[in-house]
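Order as written gives the chain letters A, B and C; numbering starts at 1 within each chain.
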Amino acid sequence: MNVVEFLTHQWWLLVVVVLSVWPLFAQFRSLGTEKVLRTLDRRWIFLLMFWAVLLPIYYIGVTGDTFPEVPSVLSEATFDEIERLNEGDPVLLSFDFDPASGGELIPMATAFTRHVAEKKLKMYFMALWPVGPQMIDESIERVIRSDFPELVYGQDYVNLGFKSGNEGVIKVIVTNFRELYTTDSYGTAVEKIPMMEGIDNIQRMRLIINVSAGYAGTKEWVQYAVTPYPALRLVAGVTGVQAPLFYPYIPRQLHGMLGAIKGAAEYEKLVIDKYGGANPDPKYLEALRRMGPQLVAHLLIIGLIVVANVLYFAEKRRGATR
Amino acid sequence: MKRETAIWALVLILGVVALIGRAAFTETGMGREYVRAVPVPETGATQYETSTYGAYLQATAADQTQTEYQFSLARTVGLWVAAFFTLAVFSFLYGDNPAYKIAEGVLVGVSAAYWMVVGFWTVLVPNLLAKISPSVAQGWATPGLSGPEAEQDLWYLVPLILGVMLLWRLLPKGPWIARWPLAFIIGTTAGLRLIAFLHGDFLAQIRNTIVPLAVIDGGGFDFWLSLQNLLLVAGVLCGLVYFFFSVEHKGVVGKVANVGIWVLMITFGASFGYTVMGRIALLATRLEFLLDDWLWLIDPVQRRSADVALMLVGWF
Amino acid sequence: MKRLVPMLITAAGGFLLIVAYFIPYWQSWGEKATIWFDVLASIAFILGGGNLLKVHLKHVSDRSRGWGYSLVVLVSFLVTLAVGLGKVGVPPSPQFPAFAWSGPYGQPGGAFWFLYEYAFKPLTSTIFAMLAFYIASAAFRAFRAKNLHAFLLLGTAFIILLGRTFAGVLLTSWIDPSIWSGFQYFTGLRIEVLTVYIMSVFTTAGNRAIMIGIALGIVATSLRVLLGLDRSYLGKE
């Protein structure tokens, strides 16, 4: 279905959009563009942002079209870090986020879980945020129990849950895992879980995969795990707000990073290209779908800044010539 | 203002009519949750796992009388409550109103209690109670506890006593009692961070900045990589000179600091760009929830598709 | 005395961890102190909840302005606490059917899970989603290219905003050596490539300078606290 067909089918949506912005156009006609823009009620900007995000979501939801993605160097480095591992290698997946950042991070968590499951690595899930265990449960449900039912809990993957203390947790588990994690998230003693045998501390992990929304997260993993123990390797999926702050750690302390929804989309593309088959399951295309509203909203923000600056310079010139 | 109220009343009435129409009078309907009943043989209870309308259609097409996949009234009510909470929070964009204030109150109450509950079951029971009195913990909430991790360790009385002292802060008398555990927390945090920041953010960053300024790759001189490295080192040094406020930023120092400001402005511009990216994805998620989970206007993950059902029925 | 003992505790806790980092023999003591810290962090959650109860109970009892909303907070808090601590609706673990409290607190289908899934999750997600609107409004009202610095900031922001979406790729897709061989020297100007250079060179440099500065600041502050020069955390005399 192309754009014209979509607009014809969903004509009611067009009507709603036009009706909602009609008063703004009426103001432009009666008061003049410059006056309206100078005293613009911010709620009109909110409305424009609402439509800029909702309409692409609706279009992509109905048509299934997504933009092509070309993975960048960092996404490829993250992918390669997991690809180089062998079957049975232990990896620690730390989901340090909550639903508030889920928009950017849940696609990363899903893609990471899938990639690690496809590689048949041993997954050790943990969380530094109180709501992290819910994120782990959802990933396990969405990916492992749904698409990898042959994986056995306790042998192929284990959910160790949350511990409070933020960087204090990392500081302890990097030398002594079992003092803090006496049971898994479901109350089973750690000594009774087959895959916990021989895991005294996280230095046994071949890779740490961290999905992080803030404090405590990637920065703490770099400072308390990777920097003092350089043999540890770390890749991270982080929010857009944090991503620029971690570039100084790349590549010595942070060996791969997915930054914001774009990083998630690039990584999803790499995973489905390798493991997705001809018709990849749409739940693994979440970030790719979200790039549509991203693009339109970015153009809106750029447009708003340009209009505001044009207005500013016009006023300044008028002020200078008076 | 009267006109505005009238318009909003009209919008609300139209919205309610549209919702009722969509929920009750369209073929697919909207906003329903389905579950899969899974009996648990060991306890005799039934566990209800999250399922989809598509799975329900598939099961019903195969067997009209099946009860494994069923409609869940409780979760459906929950879904509508979640949708109204979402709209209540969005309503703040127009103006502060009671619906938003109620939603905010619920969020504050639920999140504070959520953290307490999680802290209790994940740390206080297995890491405090089970260490001070393992038999009590095993007899009550962690019967699975065994092995060396189940041994008593009375050193854990120290955090217990400090914890009780910390809670003294809530009482009107004796505020000085809470200072001891607070001092412990501050001291350990300071000790942890001093080393971590010095090692990871200071020494390691100096090490990371020592990059070859003349990159010889294979046989030849790699100009672009060398230029990148040179710009990186120069950028770090200029930025650091800007932050050195003990020397007046005049003359050569002033010019170098000015270059540092340019580098920092580019950094902040990039941070702004990434922040915008981050925020929009969060909004996209909520709108997806409203359009997909609640209104059933889009189905990108094909949770309500019965096509798979027909295909599978044909196979069996 | 009331301030001396806490200061000694601060110094002891901090210096123990610093020394344990360098002397492996003391590592187990460092671990112990850190685990006590982790346990205290959970008790701090109880403190937070208790404080919330205290503040809102006072609002309600004083009938101060907006006390109805404080009542909403209190009811939500107590209900969540009760169902969470009581594991209401959570069946016992299949491994230990005789122990009613052995199931996981977040079991899907349990009352606590309901509150998380249909109250906590949508509310917290939507509160953060509002930021997208505010950033658009702020962009329109505040971002003016008044001088070179502002122009650099905005210019970089535009390149990143375009370069991290398909719009940027489209905009400079004409810089293609297959169209004109001379373009092979200008592929670095394609917006998506420019974005990578900006991030890996300038952003790295700027953030590294900031990171080094902050690290020195944290070291100085931590030392001041440990040596007792900064006693602000102890509160008033």
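The working rule: contacts are C-beta pairs under 8 Å (C-beta built on N, C-alpha and C of every residue); 3 or more make two chains touch, one makes a residue touch a chain.
For clarity, every value in this text was computed on a predicted model and none was experimentally measured.
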item	value
Chain contact graph, described as a line, ring, star, complete graph or other shape	complete
Closest chain to the centre of mass proxy, which here is the mean CA position	B
Chain centre separation in whole Å, for subunit C relative to subunit B (CA means)	9
Subunit A and subunit C, separation of their C-alpha mean positions in angstrom	15
Chain centre separation (subunit A, subunit B; CA means) in Å	10
Subunit B residues counted as touching two or more neighbouring chains	50, 93, 114-115, 118-119, 122-123, 127, 141-144, 188, 192-193, 197, 200-201, 205, 208, 267, 270-271, 274-277, 279-280, 282-283, 285-286
Residue numbers of subunit C (touch at least two other chains)	21, 34-35, 37-39, 41-42, 45, 93, 95-96, 102, 108, 116, 120-121, 124-125, 127-129, 132-133, 135, 139, 154, 157-158, 161, 164, 199-200, 203-204, 207-208, 211
Residues of subunit A whose C-beta touches two or more other chains	46, 49-50, 53, 100-103, 130-131, 133, 163-164, 168, 171, 179-180, 185, 187-188, 228, 244-245, 248, 260, 262, 294, 297-298, 301
Residue ranges of subunit C in contact with subunit A within the complex	21, 27, 30-31, 34-35, 37-39, 41-42, 45, 93, 95-96, 102-104, 106, 108, 116, 120-121, 124-125, 127-129, 132-133, 135-137, 139-141, 143-145, 154, 157-158, 161-162, 164-167, 169, 192, 196, 199-200, 203-204, 207-208, 211
Residues of subunit B that touch subunit C when the two form their complex	35, 40-43, 45, 47-50, 74-75, 78-79, 81-83, 85-86, 89-90, 92-93, 101-124, 127-128, 140-144, 155-156, 158-159, 162-163, 166-167, 169-170, 175-176, 179-195, 197-198, 200-202, 205-206, 208-209, 224, 228, 231-236, 238-240, 242-243, 260-277, 279-280, 282-283, 285-286, 289
Touching residues on subunit B, where the partner in the complex is subunit A	50, 93-94, 114-115, 118-119, 122-123, 126-127, 130, 141-150, 188, 192-193, 196-197, 199-201, 204-205, 207-208, 267, 270-271, 274-288, 291-292, 297-302
Subunit A to subunit B touching residues, read off their complex	43, 46, 49-50, 53-54, 57-58, 60-62, 64, 100-104, 130-131, 133, 141, 161-164, 167-168, 171, 178-180, 182-183, 185, 187-192, 220, 222-224, 227-228, 239-241, 243-245, 248-249, 252-253, 259-262, 282-283, 285, 289-290, 293-294, 297-298, 301
Subunit C contact footprint on subunit A (complex, rising order)	40, 42, 45-46, 48-50, 53, 67-68, 70, 72-73, 98-103, 130-131, 133-134, 137, 163-166, 168-169, 171-172, 175-176, 179-180, 185-188, 228, 244-245, 247-248, 250, 260, 262, 291, 294-295, 297-302, 304-305, 307-309, 312
